[in-house]
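Just below sit the structures, each encoded as structure tokens.
Both complexes below contain chain A, partnered by chain B and then by chain C.
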Partner chain A sequence: MSDSSIADSAASPSRWWAWQSRYSPYLFVAPFAILFCTFMIYPLTRSFALSFYKTIGPRDSRFVGFENFKFLIADRLFWLAAANTIGYAIVFPLLQIPAALGLAVLLNSKRVRAKPVFRFAFFSTHLVGSVFAAVLFAQLMSPRSGLLNHFLSQLLRRPIEVNWLSDPNLAMVSTLIAGLWLSVGYAMIYFLAALQSVDAELYDAAAVDGAGNWATFFHVTLPGIRPVLIFMILVTTIGAFQLFELPYVLFQQSAGPLSRALTIVMYLFMSGWSVGDLGYASAIGWTLVLLIVTVALVQRRISTKLEES
Partner chain B sequence: MILAATVCGAVIATRSSPAKTDLTVWTFTDLHARIFRGDGSKNATRTPLVDLYRQETGQTVGIKLIGNQAITVRLNSIFDNGGDANDVPDLVEIEIGSVGRFFRPPLNEIGFLPLNDRLAASGWDKRILPSRLAPWSKQGVIFGVPHDVHPVSITYRRDLFEKAGVKLDEAKTWPAFQEKCLAFQTYWAAHGFPRRRAMELAVNSSDGLQVMLLQRHINLLDSDNTSHMTDPRVAATVAFYAHCVVGDRAIGADSSPGSNVWLRDLTHGDLACFITPDWRTGVIKTSGRELKGKLAMMPLPRFDPTDAPTATWGGTMIAIPKQARDPEKSWRLLQFLYLSPAAMQARSQYTGTLPPVIEAWDDSSWHEPDELFNGQKIGELYIDLARQLPDRYVTPFTTLAGQALAQVLSRAEIAIKNGEEAGLDQRIAGWLIDADAEVRKRIAFGRFDE
Partner chain C sequence: MRSSPAGRPASAGRSQSSSSSFLVTALLHIPLILGAIVCTVPMVWLICATLKTGDDLFKYDFLPWDHLGRLTLDNFRKLLARDGFSRWLTNSIFLACTQTVLVVTLSSLGGFALAKYRFRGQKPLMAVMLLTLLLPGQVLLAGSYELMHHLGWINSYAAILVPGAVSVFGMFLFRQAMSQVPDELLHAGRIDGCSELRLWWDVALPIVRPMVGAFTLMTFIGTWNSYLWPQIVLQDEAKYTLPMGLANMMSLPEFQADYGVLMAGTLLSILPVGILFFVLQKDFIAGLSTGAVKG
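The block that comes next holds the complex of A and B.
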């Protein structure tokens, strides 16, 4: 065996190790990167570009600049959808977070028995999905045969026929009720995990200091779960802005009475798939992104200030 | 994890792929899939259509059941970006609510093959009910062959109306019909059924209202997207309809939500009459046997003598994508699956819906007395109505126009509920002008230069 071949065979493993240590991180990341680029980056950039185009026929498209956005600003239906969505996004977290937190505190209490059963019962509503929930609530809220009106009639001892789904003032209320039923248990699980991670010694110290239940909750529990609370508010608000399936199925693919159940994503869907105007639908989508980013930034700033204070 | 992934990978890699077929059909409904390929039951009395086609031509046909929305997405992807010829179906079924968006491009860029020449050459253009080709056409170019006609009638609980002493079929106009229904409700309210309503009428959606408009030969948008929302008859019809669903003279209410749950309302007598296209009658025949002898059917009442006694509700077409591998083979299969005698028989067995081929109406099955309807020949009634069917058009903006109309209806209903009925007709006309302006603006923005 010559000297050079011996040197080569000695160098070969070290070259392999060098190559591996240099490129293996990229290889490990590659599956995610490829999927992320294919299913996130490309569609996002494509839809962003599409929002400046009018698509003409199967193959051609015409650049129209900001025309889609200009039309959007003057589109009454879009603003109606935006008003409905923003209203929902404000009210929904205000109801969902306290309800979920309340349930979590209750289930975290030492006095409650059969906790796993309750935890599963409250969480299980989330497992059925929003389409099922919408179908269920459409039945429950049916004015003539729904259980909700039947229950109210029994309770008040007179026939009640509330038009949950055909009264414009109740359209979003009905959506809220269904949405809360679906998601309170899910949020509760997060809060429960957060509550269990609060240092028990802090509660002992509070008890020694003579703090009552409310004082303990506000001065020990809430600060202890603040990161989760902020996260939940953010996630819930973003989810509320993306509201689609629930009202879409609940109101049988219509916008509801006086279009009061129309949300931004429903309008996007209608523009993209009923009308076939993908450029305009993309413009609606990116406007929604802008709205969500703005809200998220505002929330973040408020939470940072709260933490600082 | 690695072991599980390896096992799963091996199973997927070694499983046998479904046999490739010479032709592929996409359908969105399980019912149609069963009509084409049979339901696999041991008691099946007839050979599945695809097997008959193989015997006749030697070609195999695969039926792919794909969700309605997924068909729209996949077809548009094919039309927009081309696609592997193997991915393109040779035939595809489209539901009437989804077809509008396919007609958005200029005529020469629509993704389906124009069928006028083929229909004329084969003589089918004379044999298919002309009004039924309208929904599948744009500016006179036909892109699909209809599966059905779906004329609508009114099916009512004859027994309940007779007990109330109301002869509903004597009502020839909608106002007279409303009077009869009010008398019916008054009778039953006094006999322990205060919540019994005479008729199913949607409170929120404009579906029922559009049936009434269509029988007045009014499409909200016609085939070239011209809006007719400001037609004075639309305002009058909206006002009448709103009074039928709210206020002291209400005769209608929503049926219970859910697929075919309306049949329970009919069976229990909570709602005593329904606007029934033939597919709904099919549901009654399949699942409402306890109603045997208790039903009767009548044409729709009219507003004016020039109105049709019917309209149409629902529908499906079959079309050939332009990128289909061999359009001639597709056309041959289309004729077999939709227009052949075997296809008519299979459709009749599974759905009981009236076919669009006029000569098929001579089949004896359409002229037999029906037990459910106390011996009434409802097939003959549907045939009579089908001959008077108004043209219905669908465009990409039809859904938006329907929604705008529903908003006007909601406003009218609120006005009636609030007792603000004075000058309601004029206010409805004003709301319709606003709605019309909005729809026109949207159409002008969304349409292409053709």
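The block that comes next holds the complex of A and C.
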């Protein structure tokens, strides 16, 4: 190794010196590697094994083969959770990505003044954790005194009393509103950073060619930020599949009216720690993995197809 | 909200008369201003709510402009007089700080090794790490809980701090950042008699300083706001963190009507993250952009 030869020529070619130059990389990685294997790889394999057991708490377990997965397929609550989660994972990125990208394109314009103010205003919501946002939105959405209904009443000039939190049909809508508030600004900052890295010469060339604004957007801007765009869509979708805190706290640590805000992770949590069946919770967890991997593969397929065409 | 026709990159603009150009500029600002209002109004409302008396909460959306003398800090006083809140605040500060130091140290040290050395087992380790990066963390929960139970760590902070010290994402982030540290600089350091550990601390870390700031902030925000795992392993209310405590407080009937105290709690829970963001803002935006370009 070149490292050790250099160490030999150095001022103190002591034994300690040779030892540390040889073993340092192992020592540097060791703390991480040990914790990684103990607290990630091992629990991962245990979770896999547990999904074939029925358990009552961490002590009592019984091998049941594929029973958990069979039960899952017939479990109406799981299907409700899956429907809610998948619906959210479809609608949320469809609203968030265009809104964030649109705002980023606007903010990237040379004509816009007070950019740091806007940037901070948009980004500030990301500093609020989902639990705190849920506590806040539960008040904003309260039917009588909440700001949201007051605002709607003023806008429509008649008293509006939407039951954001007790109407089963609105449960996921309310979650969506709070979710968008939390994350549009954050995604926008990402897009803004990507937009700023698009080569300015390309814009000049497009202007010389007499390309219109829309043409420029579709032929220069979008291809220029494609990697970030694909990455953001993927991350947003995967994040949406893991929805939990926001609805859980918004509906006072419950699954909402008629369980209409039940999500997959929420069901996993309730099965594992309210019911106490870690085995079933694991089965739900691995089903979520399957779902997310499928979605990631499909999105990858689509993006490569689009790139070819 | 699609980008409106006005929202086109300005550099593609043609020469226009100054009055129509003013109109375009104004139109450009409208969606931005609306968006900024939507983003900030809930926070403004929250701050106002913390300063109002119980009656004014229901009479005024924001501040009682005609009776500004009625504004009060009572909500904060009541909140801090409660046994729970100040304890949760202390717990959260302790956990988030310790956790952040642990994660940043371990990830930067490990990332340094991955970027600047060749060693046995490196490739398989990174392959397994990459694989776990794709898995949603929730799939670990049952196995981790079982492990915590066997270790006797249920209801102790070890259950949060020790497993939480592992950040595969952080390892990759630091590996990427530190691969830009020039090898010549490290060699020069060795000739000057720096040990490998000092090369990490005195050479590599200062070069990736913006990354350290960005990652520190990200980790702090993540730990400060984390809810699911603490909710699973902590049982004793005295050990709760702020998200857990506040979520429970919200369900108490006494705060359904007089929610000023609850809002004061929410504000104080958000504030530390806000302060840290102000301190590290520059690093954070820089770190974010370099990440985005590479992404």
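Everything below uses one rule, namely that the second predicted complex is superposed on the first by the 276 of 309 C-alpha atoms of A that agree within 3 Å, B and C clash if a C-alpha of one lies under 4 Å from a C-alpha of the other, contacts with A are read in each partner's own complex, and residues count from 1 in each chain.
One rule holds for everything that comes next: contacts are C-beta pairs under 8 Å (C-beta built on N, C-alpha and C of every residue); 3 or more make two chains touch, one makes a residue touch a chain.
Since this is a predicted model, take the numbers as computed values, not measurements.
For the composite obtained by overlaying on chain A, chain B and chain C cannot both be accommodated without a clash. Once chain A of one complex is fitted onto chain A of the other, the partner contacts of A:S166 are limited to chain B, with no touch recorded for chain C. In the superposed model, A:A138 makes contact with both chain B and chain C. By the touch criterion defined above, A:F231 reaches chain C but does not reach chain B.
Once the two complexes are overlaid on the shared chain, A:P223 sits clear of chain B and of chain C alike. Of the two partner chains, chain C is the only one that A:T45 touches; chain B does not reach it.
Look at A:F251: by the touch rule set out above, it reaches chain B but stays clear of chain C.
Greater residue coverage of chain A by touch, when chain B is weighed against chain C, goes to C. When the two complexes are overlaid on their common chain A, residue A:S259 makes contact with chain B while staying clear of chain C.
Of 60-68, 132-140, 168-176 or 204-212, the segment of chain B running into chain C after the two structures are fitted on chain A is 60-68.
Taken together, the two complexes place residues 58-59, 135, 138-139, 145, 252, 273 of chain A in contact with chain B and also with chain C.
By the touch criterion given at the top, residues 69, 72-73, 76, 79-80, 100-102, 104-106, 109-111, 194-195, 197, 203-205, 253-254, 256-258, 261, 265, 270, 396-397, 399-400, 403, 406-407, 410-411, 414, 438, 442, 445-446, 448 of chain B touch chain A in their complex. Against chain B, the residues of chain A that register as touching in their complex are 54-60, 71, 75-77, 135, 138-139, 142-145, 159, 161, 163, 165-166, 168, 251-252, 254-259, 270, 273-277, 280. Those residues of chain C that touch chain A in the complex are listed here as 1-13, 21, 24-25, 28-29, 31-32, 35-36, 38-43, 45-46, 49, 57-58, 61, 106-107, 109-110, 112-114, 117-119, 122, 125, 128-129, 132, 134-147, 149-150, 162-163, 165-166, 168, 171, 187, 190-191, 193, 195-197, 200, 221, 224-225, 227-228, 231-232, 243, 246-248, 250-251, 259, 262-263, 266, 269-270, 273-274, 277, 285, 288-289, 292-293, 295.
For chain A in complex with chain C, the residues that touch the partner chain are 3, 6-7, 9-12, 17, 20-21, 24-26, 28-29, 31-33, 35-36, 38-48, 50, 58-59, 98-99, 101-103, 105-113, 117-119, 121-122, 124-132, 134-140, 145, 147, 150, 181, 184-185, 189-190, 193-194, 196-197, 200, 203-204, 206-207, 211-214, 216-217, 220-221, 227-228, 231, 238, 241-242, 244-245, 249, 252-253, 265, 268-269, 272-273, 278-279, 281-282, 285-286, 288-289, 292-293, 296.
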